[in-house]
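Here come two complexes built around subunit A, the first alongside subunit B, the second alongside subunit C.
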Partner chain A sequence: MSTTLLEEVPPPRLTPVEGVKQGLQRRQARPGGRSYAVLRWTGAMIFAAIVLAFVISLLASSSQAFAHSGVSFFWSGTYSATKDIYPTGIFIVGTLITTAVAIILAVPIGVGTAAFLSEFAPKWLASPLSVLIDLIAAVPSIVVGLWGLLVLSPVFAHQVEPFFKKIPVLEWFFHGPAYGPSMLLAGTVLAVMILPTIVALSRTALTSVANEDREAARALGATRWQVVRTAVVPGARTGIEASVILAMGRALGETIAVAMVIGNNYALPHSLLSPGATLGSAIINNFGEANPGLDKSSVIGLVVVLLVITALVNIGGQLLLRRRLRAEGAVA
Partner chain B sequence: MSTTVFPAGADDVADAIGTRRELVRDSARRSLARRRYWGRFAIALCVVAVAVSLAPLVALVAYTTSRGIRAVSWSFLTHAPTPPGIPGGGISNAIVGSLIIVGLAVAMAVPVGTMCALFLVERRGRLAGALRFAADVLTGVPSIALGIFAYAVLIGPGSLIGHFSGLAGSFALAVLMLPIVIRASESAMRSVPRDLWEAGLALGVRRSRVVRSVVLRGALPGLVTGNLLAVARAVGETAPLFVTILGASLVVTNPLQPMNALPYTIYSLATQPTSAAQQIAWGTAFVLLVLVLALSVVARFVSARLNRQAR
Partner chain C sequence: MQRGADPRRARAPQAPRPRRRALAAKSSTVALSLAAVAILAAACGSSSPVASKKKPHTTSSSTTSTTSAGTAGASTTTSAPTTAAAAAPTAHTVTAPPPSSTACSTSGGPLSATCDTQSPSFKLAGAGANSIQPFFTRVFYYYSQADKGVSVNYSPAGSSVGVTDIEQNTVNFGDSEIPIKTPATGTGGNILQVPVDLGGVALSYNLPGVSGGLKLDGPTLAGIYLGKITSWNDPAIAALNPGVNLPSTTIVPVRRADSSGPGYDLDQYLIDTGGSAWTSSAAGTTPSTKWPITNVGVGEQLNTGVAGFIQQTPGAIGYVEYAYSLQASFTNAALENASGSFVKPSQSSIAAAGAQATNLSASNFSIVNGTGAGTYPLANFSWTLIYQKQSNTTLGVVLGKLLDWVTTTGQAQASALGYSPLPANVTALAHQTLLSLQNSAGKPLFS
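Up next is the complex of A and B:
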């Protein structure tokens, strides 16, 4: 009796937990159930492949030049017994000088502007100016180059460069004829290019310093300027340095705007007024006409040299910042 | 007994305290005057810095606008260039070329970049760290190197296409945009609260569905801003196009053929000595400037709206 009764009750098909489990299994077994994972992995793999292909293809297409000249490609760049067309050392010197000029011009002005916008300016003035500078940061470098070539270059040839030549002590840096296109002009154009970047990033670093720090300094009797110097700038130092490193990377790697205003002279510059060449300008000017083979390979070799320099600057900067961050962490 | 007894000569001590107080007050006053003076001097220097930095930037934009506006007209935008010496002609070849090249670059970079960003958000570990590092390094690579890369892979001897083409330029710009898109998308997706992910997953919703309806939707303004900024950067890049697209004086719509683009036109005209060519260069620069500024204004607007919603 009782046994028959028990037999009549159908056994429960599934417990709720098992039901959910089965549903999940069904879902995952369905074709396309794992498509999301496949999608993620595809994106990551494509990106990894591009990065690898970038490194390999540049090394492969410049290998001929490096095989021919060896390590000496980094300074002499000689690729044929009769002519020395790619004097890498001169390009490296030009790149470093123009970048140095740009940094010397842009960093004090840029950080000063950022300090004014973040600390001293009233809000009605600071916010529109900040927006304006952020927008100008987006101006393409080709437009800056065009302006440098057609507007700034005549001004430099007739007013700025003769003026510098008259100053007694600076004479040593500024001698020789004033053509207009020169290391100085290239550095100035680069400075105009990187200025908005420095202002925008330094301002962000300065405004993100905690207000308590300002108030503490103020309570100790510091003047507004002393607050900035002793409390705000040290707190924002890492961010400001990062902005300078980023700007330096852009100045080192700029090609077109520099090629338009540097004068493209392949000789060791003897003054800031002499026309010169940078790695970027040399690549742009020679790549089109270079013959396939060793010639083209040498130009691509210049790209590799440029990459090595920018990588050194970036890695050096990263190390500096990391050490600074660790030191700050230890203090705190 | 316990009354306070001043030592002999208490008046002398009070006098000494008084003079000392005077001394401190005096030196503080002098120090404050000096500190105020230097403070004013430093702030004045900052004001000078603002003036010096604004002058060239504003002059650059104002000059380009005033020269460019004179060159731009409807026929300037809709006609192909005329041969040198013949007046008239426009830059429709460059506008069409830029739109197609950048459009294709967006079509390549945005899906791959978004998928890769999802990977970085979901996984932690050595591979994700390496990819993030690669993206950071690639952001700092000079753009000419990306152009040469596209040349080596797509144009040079033994490569995929074998000749100069708009597509090669798109590829170079896509590689340029990719790290920007990846890092911007990753941070936008990370800003979606972890609770929302977990709430979605706890409801038993499939992971892909959570990502689609919760994460991508929540991160949408950030994604749009990041992508627009990447596009604004790509539109103005000249160096990668210089070694890949070769230029064309007619309107070309087939991306497998050599094409023209706005920055390329500016560069090739700027170096010509005739004032007619320079006039067209200014006009083109103005069009490019308007395009880039419009993109960044829209990006800014979207992110401002995002911030308002978050509050």
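Up next is the complex of A and C:
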């Protein structure tokens, strides 16, 4: 066993056909390989089955709502003459706005922090700092939501929101009364929640940039900041973008923390200061109390809409990354 | 500056590529595994009702064995019921009768007899109305002092959750501010509805410079919650409050984002008194626990969320259970009742509303907008929901005695918190309802 292993290192360059042949030979040589392959395949199949079962059960339990409203469920969602209205379009707008606010706030801070941790911070500071940031990821959503409601909300109502209203150009985004609970507050709370994802993944991407790149930049006389800006960050760009896509996924789907700070107003927001609602907050506010039948089916319909949006964002992100990788591969 | 551009070109061409690819692969697996976790969680959630529906079957089969053991007087079993503290009345909670208490373990004893269940201890699980939580917390504490064998875990997730949980038989008792439509049934059969407390709904406001007792009537409140009356010095409010110096502060109406009993009461009040402006809006003419006008003002979760928002926001007005308003020392509006008098919420004005319920039942429960000079118009009884057939006789007896204590002796704890003690006829109704509790064989639990 050990001798064959030793012989395999370094791996010889093989054509694909040769590789498969050798793999088969190896499998025959090691009986454990076959049972592991079975295990591997079973794992993958179970996983696919779970995803499939999940999607099917969601579609089945929301079919009543879609049958009732048709495709218009995706924007109006209304199914009853008087009550029980799910203005899906409003929730989608709210979801996109809060996620955008979160990304705008979290990406510069997150990538900046990651760059600081990987390039500038002394070791005695970098490791405790990254532990602290990982701790944010460990804080439960409801705690973040409570903090947003009890601590951030008064600060936003009395200081932050009036401050933005005074800035001439931004005034268009920040008009209307400042209550505290708002799109802006929800986006800020989300930014806090997605920060650890961005920092951790971007940091991994930054540290994995080859030292030769840094040395080359140095050798050409770049300052420390120029090294980061021109060699390290471009080298880690794909990884940073991947971190943003993951973070976006979390921001899109967050429920309880958003429900606590967004104000739950089912109307189209007229500014970032107006209270609103997201798909997640609407689901959590209505699911527990939904009556069986069309009512519950419509709430599950909102889950389907959320799933579609999250899937679109993820697939779009993956395509973007793949195209970039391919383009870079062509260049190199 | 020129130098800055050079390093980019100087980058080693092949070196970063495989690494980046590896990283992208890594991040996509992270994405996949995150999705997997979410999917698993959701899959569990969706499958749980099925599981809870299956529970009663297993319970009934195991209960028969317990009752037979109980009649045989098997008191030597030492299996600790504390470990079986699970919320659901599943097979796990079925325990041998306590050694020293025949009155508690066999059917046919009197309902109000003292019951020594010091060991083993019984854990009951309940869920429901958020509004009753202060009362339940206090009254269950005192009950556990009187009878150390019983402890209750109450989850104040909201009335509708209480209804769903009891209907699916996942708790020992549910609680709802609004009784369910009769005849009430769930997976465990017929559901009994027992009135356990009398509370009021305060319209609290945060208006610096204006003291409590601001007068409001139905049409004005409807205007506020429809977004038509938007400032505190609106002529409609000023006309009701001559001599009060009203500021021009913007009104921020706050409501419950989840379904609620207080919301139902206020909806009922506005349907009765708010005029056509309210009934021709999305609110309609049938009161609903889900607040009907969701595109005006701010929605917060539970009484605590609404109370917290009122506290933080000058200009805010919102409806909260009176107990919460009292706890936060809010200023409350005086509301016009059916006799035309403006009454502030207080223990006595809520009690006066409760006294109107001369013919109370689960299908005739509304005491909103009563008559009388001192009657507060927004009041309601809270209803505890239990199965008539208790699959576990021992737990059924414990539960019956607990609720009987809550509706009699326990009422002394009500006034300190802002609730009013139940009127005598309502206590009698509760007692009568509890007497109809049965074991799984259909025999009455109490005599």
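We take it that the second predicted complex is superposed on the first by the 279 of 332 C-alpha atoms of A that agree within 3 Å, B and C clash if a C-alpha of one lies under 4 Å from a C-alpha of the other, contacts with A are read in each partner's own complex, and residues count from 1 in each chain.
By our rule, a residue touches a chain if its C-beta (ideal position, glycine included) is under 8 Å from a C-beta of that chain, and two chains touch if they have at least 3 such contacts.
Small disclaimer: the values here were computed from a predicted structure and weren't measured.
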Answer with clash or fit: subunit B and subunit C placed together on subunit A by superposition. clash
In the superposed arrangement, which partner chain does A:253 touch: subunit B (first), subunit C (second), both, or neither? both
Report for A:266: first if it touches subunit B alone, second if subunit C alone, otherwise both or neither. second
Quick one: classify A:70 as touching subunit B (first), subunit C (second), both or neither. neither
May I ask you to decide whether A:122 touches subunit B, subunit C, both, or neither, giving the answer as first, second, both or neither? neither
Classify the contacts of A:150 with the two partner chains as first (subunit B alone), second (subunit C alone), both, or neither. both
Which holds for A:168: it touches subunit B only (first), subunit C only (second), both, or neither? neither
Once the structures are superposed on A, label A:210 by its partner contacts, choosing first (subunit B), second (subunit C), both or neither. second
In the overlay, answer first, second, both or neither for which of subunit B and subunit C A:40 touches. first
Of the two partner chains, subunit B (first) and subunit C (second), which one does A:109 touch, if any: first, second, both, or neither? first
Once both complexes are aligned on A, which of 38-46, 92-100, 110-118 or 146-154 in subunit B overlaps with subunit C? 146-154
Subunit B and subunit C contact sites that coincide on subunit A, given as residue numbers: 47, 50-51, 53-54, 57-58, 61, 149-150, 222, 226, 229, 246, 249, 253, 260, 288, 303, 314
Applying the document's contact rule, which stretches of subunit A touch subunit B when the two form their complex? 20, 24, 27, 33, 35-36, 39-44, 46-48, 50-51, 53-54, 57-58, 60-61, 108-113, 115-117, 120, 129, 131-136, 138-147, 149-151, 192, 195-196, 199, 222-226, 228-229, 246, 249, 252-256, 260, 280, 283-284, 287-288, 292, 296, 300, 303, 306-307, 310-311, 314
Give every residue of subunit B touching subunit A within the complex, in rising order. 32, 35-36, 38-40, 42-43, 45-50, 52-54, 56-57, 60-61, 63-64, 111-120, 122-123, 127, 131, 134-135, 137-138, 140-146, 148-149, 152-153, 156-157, 175, 178, 182, 204, 206-208, 211, 229, 232-233, 235-239, 242-243, 263, 266-267, 270-271, 278, 281-282, 285, 288-289, 292-293, 295-297, 300
Residues on subunit C engaged by subunit A in the complex (per definition of touch): 3-8, 10-17, 19-21, 23-24, 26-28, 30-31, 34-36, 38-40, 42-43, 46, 157-158, 160-161, 164, 250, 252, 257-259, 282-284, 286, 288-290, 292, 294-301, 305, 308-309, 312-313
In the complex, subunit A touches subunit C at residues 47, 50-51, 53-54, 57-58, 61, 82-85, 149-150, 153-154, 157, 177, 179-181, 201, 204-205, 208-210, 212-213, 216-217, 219-222, 226-227, 229-231, 234-235, 238-239, 242-243, 245-246, 249-250, 253, 259-260, 263-267, 275, 281, 285-286, 288-289, 303, 314, 318, 321-322, 325, 328-329, 332
